[in-house]
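Residue numbering begins at 1 within each chain, and the chains themselves are lettered A, B, C, D, E and F in the order written.
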Amino acid sequence: MTAPSRYPVPDLQSLPQDIRERIQAVQEKSGFVPNVFLALSHRPDEFRTFFAYHDALMLKPGGISRAEREMIVVATSAANDCTYCVVAHGAILRILAKAPLLADQIAINYRTAPVTPRQQAMLEFAVKLALTPQQIGAADRVALLEHGFNDEDIWDIGAIAAFFALSNRMAHLVEMAPNEEFYSIGRTTR
Amino acid sequence: MTAPSRYPVPDLQSLPQDIRERIQAVQEKSGFVPNVFLALSHRPDEFRTFFAYHDALMLKPGGISRAEREMIVVATSAANDCTYCVVAHGAILRILAKAPLLADQIAINYRTAPVTPRQQAMLEFAVKLALTPQQIGAADRVALLEHGFNDEDIWDIGAIAAFFALSNRMAHLVEMAPNEEFYSIGRTTR
Amino acid sequence: MTAPSRYPVPDLQSLPQDIRERIQAVQEKSGFVPNVFLALSHRPDEFRTFFAYHDALMLKPGGISRAEREMIVVATSAANDCTYCVVAHGAILRILAKAPLLADQIAINYRTAPVTPRQQAMLEFAVKLALTPQQIGAADRVALLEHGFNDEDIWDIGAIAAFFALSNRMAHLVEMAPNEEFYSIGRTTR
Amino acid sequence: MTAPSRYPVPDLQSLPQDIRERIQAVQEKSGFVPNVFLALSHRPDEFRTFFAYHDALMLKPGGISRAEREMIVVATSAANDCTYCVVAHGAILRILAKAPLLADQIAINYRTAPVTPRQQAMLEFAVKLALTPQQIGAADRVALLEHGFNDEDIWDIGAIAAFFALSNRMAHLVEMAPNEEFYSIGRTTR
Amino acid sequence: MTAPSRYPVPDLQSLPQDIRERIQAVQEKSGFVPNVFLALSHRPDEFRTFFAYHDALMLKPGGISRAEREMIVVATSAANDCTYCVVAHGAILRILAKAPLLADQIAINYRTAPVTPRQQAMLEFAVKLALTPQQIGAADRVALLEHGFNDEDIWDIGAIAAFFALSNRMAHLVEMAPNEEFYSIGRTTR
Amino acid sequence: MTAPSRYPVPDLQSLPQDIRERIQAVQEKSGFVPNVFLALSHRPDEFRTFFAYHDALMLKPGGISRAEREMIVVATSAANDCTYCVVAHGAILRILAKAPLLADQIAINYRTAPVTPRQQAMLEFAVKLALTPQQIGAADRVALLEHGFNDEDIWDIGAIAAFFALSNRMAHLVEMAPNEEFYSIGRTTR
């Protein structure tokens, strides 16, 4: 088994109770502990706020569906060559979108992935904010408004791209490795 | 007065108590409310976790001094052309480093700023992670170890660069404007 | 079913005999006709020379194994965001290397994929030739020689990267789409 | 005399008959053997398919004139800093276009070369496919259609750019040097 | 005090009379000698023509105000990370525009600086000429004409960007350091 | 005949005497008036200082030969796709170096041009200063010192690259066109 990261991972029993409980909850739900939980448990304060931030953006209700949020994660993480995020969130996207090919298609080339024009516009905005944030301007927002997004949706799209700008860099920094389980999850439609 | 951002800022009284108290505390300490607090109060959950993450990285003890942490913020935010972060954290850097010229020197060209070789290496690592995170590798970590940083310092340096990758993108997304006060703070040494 | 490309695909019976036989042979061997054969059958002369060139490079004996040749294809095609080549050759790599995760790992970030240092050097050379061919120089060749490659190996590595520079551009030009079968081939080890 | 490439060139008599005959034919026609023939004779199988591919694209009839095909070669090869292809195909372009200055003008800056707007659009498409193939999309094809090109012309333009993406990389790989004759061919109009 | 540059600076008395007088004049007017005068006095012939060129562009009458000319200098010099030019001309801009924040705003991100749309167009043209001169074309000139600039204004804007392309490179070459006075000049409005 | 630039060129008789005399002198020496003289005569003050600067750098004695100075011009101007400077200074280089192929070889790919290792180092430094001036640092200077250049030579190399950074941008700005004579000058060795 590959190590979750290049930093030591504390023994589960030695972790603060809230972190241990969060890890146990995800283990029960998923059948395994995604390595991002283990890698970040090395820094409990950062663990807590990382996942609080993640949940505030990825689980909140709004005009962007959960599958669409994962599309943003996969497209921007691929733009940053982030193995952990592409593989782990690719698996989540396959499940949420019930689309076994979509994650690979977005990861390799989001421009030609079979998504709606509205989703295409959303991914263009997100990848532009990920790669050249200083070039996001009024014209980019207008393009989203014309596809029916409102100002709160634009915040959601941009904030998810921003959060994974952080997340991708943490994964590269600590050499976070995806669990093997993620590679095959959701690849069949039954 | 310039608006803090292009999103509406809630009336202070309408905000959740914890957020209101945090804003009042910073107002009392600084004499004004930095616009990042107002801009993010539009989204209370993201406000809470943004500042929790900020504090976990910027206020924690460790081998990187508080002034050095602000150097990382200024250098990486300048690489992203982020007006809010360069101006606000430039002011904090001037105060913490008691160096009225240093923030401008780092923001314009960190490569020639009058810092120590160790700090120079720290800024090179941080800017590389900010701009081309996929290219950070073993050689970059070795360069930091050779300047006396340890693995926990490397996490700190990288995590600050990662957090401001998020922060810069949020500032561009919402068109966050720095308070005028920041431009002149710390420009005299007396 | 997605169309193989945006150009018309001739009816199998209307194709020249040699092309029809090649297509039938691959159908029998693979159980389906990879879309690159259908897409290029629109131009019989180019079809013939494309596959002759492919076979001259990918099937010839030499110091680079067949799995390693496919690694080069996946890494350089990913650098060009080429969906067809990454998906189709990713499948072939999984089979040849008997490594169900390797193609995704190389496609997302070849720098951190679990390959040998020798293979890592090979991929660096190939991706550099793919992206900035004018910057390949003596130092790059020396790096390969130091990993035990000889001059004929260097020709092989470079020629494969060069051929897929062509192939990736043809795939983008005609909007070649991978067959769905390729996405799942070789993902289990039994 | 400069060597044709950094790889050994077989003695003409030792080459397979078809390759020897092709070389002798070009020698008779041109008065000298262009180095690309000598350089690639090191690998007979690749020699055969390289020139078959070249001829399938450069000699076929169609809506793009032979001089225009050479313009594409010069513009895309210049974008890749490929000395062999710019010098050799620049000579051919001067002869075919009966324009002694045109090859230099396209090689240095195709954007300002004195070509028709239709040719300008053709070169923009070709250079974009050469440099950033993943960014070719519907809008680029529409621009060509608006200048009167049809879908088969677009295949021709793109396929030539794609073939010289291969050719330029082979030339860089083996350090192919142009024959001195090419530099002066076609520089006078009489 | 930081040295003006990494090259020796001649003693004032040893300089040719015209150069000595120019230096004394600026000293009397400004209260200090900007380091660019000292740095370039190492090469009297280049000193003379550098300042003659500067004056021909920056002091000439025309449709671009003196403050706007300094905006061009600050924006293009920031694009080149040139500490001397950003700091020294930032000070001049603050004074001429009577705007204590403007130089920092333009230096950090000219796209969001509070200038008029006409000035914004002017800065876009100048920065594009500074960074990718080969891509300036008819559409860029039309954009300026539509904002009311005429052909002579376009020459002025472009020539200033061109002159500071030289100036920024000289400053990097000799490691020119701004005088400390420049950092604080013009930061208060009274 | 192509116009020298897109700006009006004054009638020779209407020009100030010194400019008219300089133009007449070059006409007598060269047999034609290079278009840069006509294009810049539109602005007499800039004409005077442009050529004074040019002469101060290109005609001064020193450790860099006149042919080597022209190599720098050709290499950096090619990096900026500047047709006027590559064609005009390519002609001068052919004459000064008595090398009919050298200008094309440097213009297309200076990395593989047949120059000495010392000249190769000189061109690398110059092109780096031309393209990414902020990245020139101590290591680049050391590389030149190791090839036997001294600090004054480094100033010369850098200053020529800096002056043609200006010159290339002026040529792009005014769409300066090379005289047809330049294309063929010096292409024969007798």
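Everything below uses one rule, namely that contacts are C-beta pairs under 8 Å (C-beta built on N, C-alpha and C of every residue); 3 or more make two chains touch, one makes a residue touch a chain.
Quantities reported herein were computed from a predicted structural model and do not represent experimental measurements.
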Measuring between Cα centroids, what's the chain most distant from subunit E? C
Please work out which of A-B and B-E is bridged by more C-beta pairs in contact, and write that pair. A-B
Through what angle, to the nearest 5 degrees, does subunit D rotate to match subunit E on its C-alpha atoms? 120
Chain-centre distance (mean CA atoms) for subunit B and subunit C, in whole Å, is 44
Nearest whole angstrom, what separates the Cα centre of subunit A from the Cα centre of subunit F? 52
With chain centres taken as the means of their Cα atoms, state the distance from subunit A to subunit C in Å. 29
At which residue positions does subunit E touch at least two other chains? 81-82, 109, 111, 134
Let me know each pair of chains that touch one another. A-B, A-C, A-D, A-E, B-C, B-E, B-F, C-D, C-F, D-E, D-F, E-F
Please name which positions on subunit E make contact with subunit A in the complex. 109, 111
Okay, in this complex, where on subunit E does subunit F touch? 7, 42-43, 45-46, 48-50, 52-53, 56-57, 60, 80-82, 129-130, 133-134, 136, 151, 154-155, 158-159, 161-163, 165-170, 172-174
Give the list of subunit E residues in touch with subunit D in this complex. 134-135, 137
Give the list of subunit C residues in touch with subunit A in this complex. 2, 78, 81-83, 86-87, 100-101, 104-105, 107-109, 111-112, 114, 175, 180, 183-184, 187-188
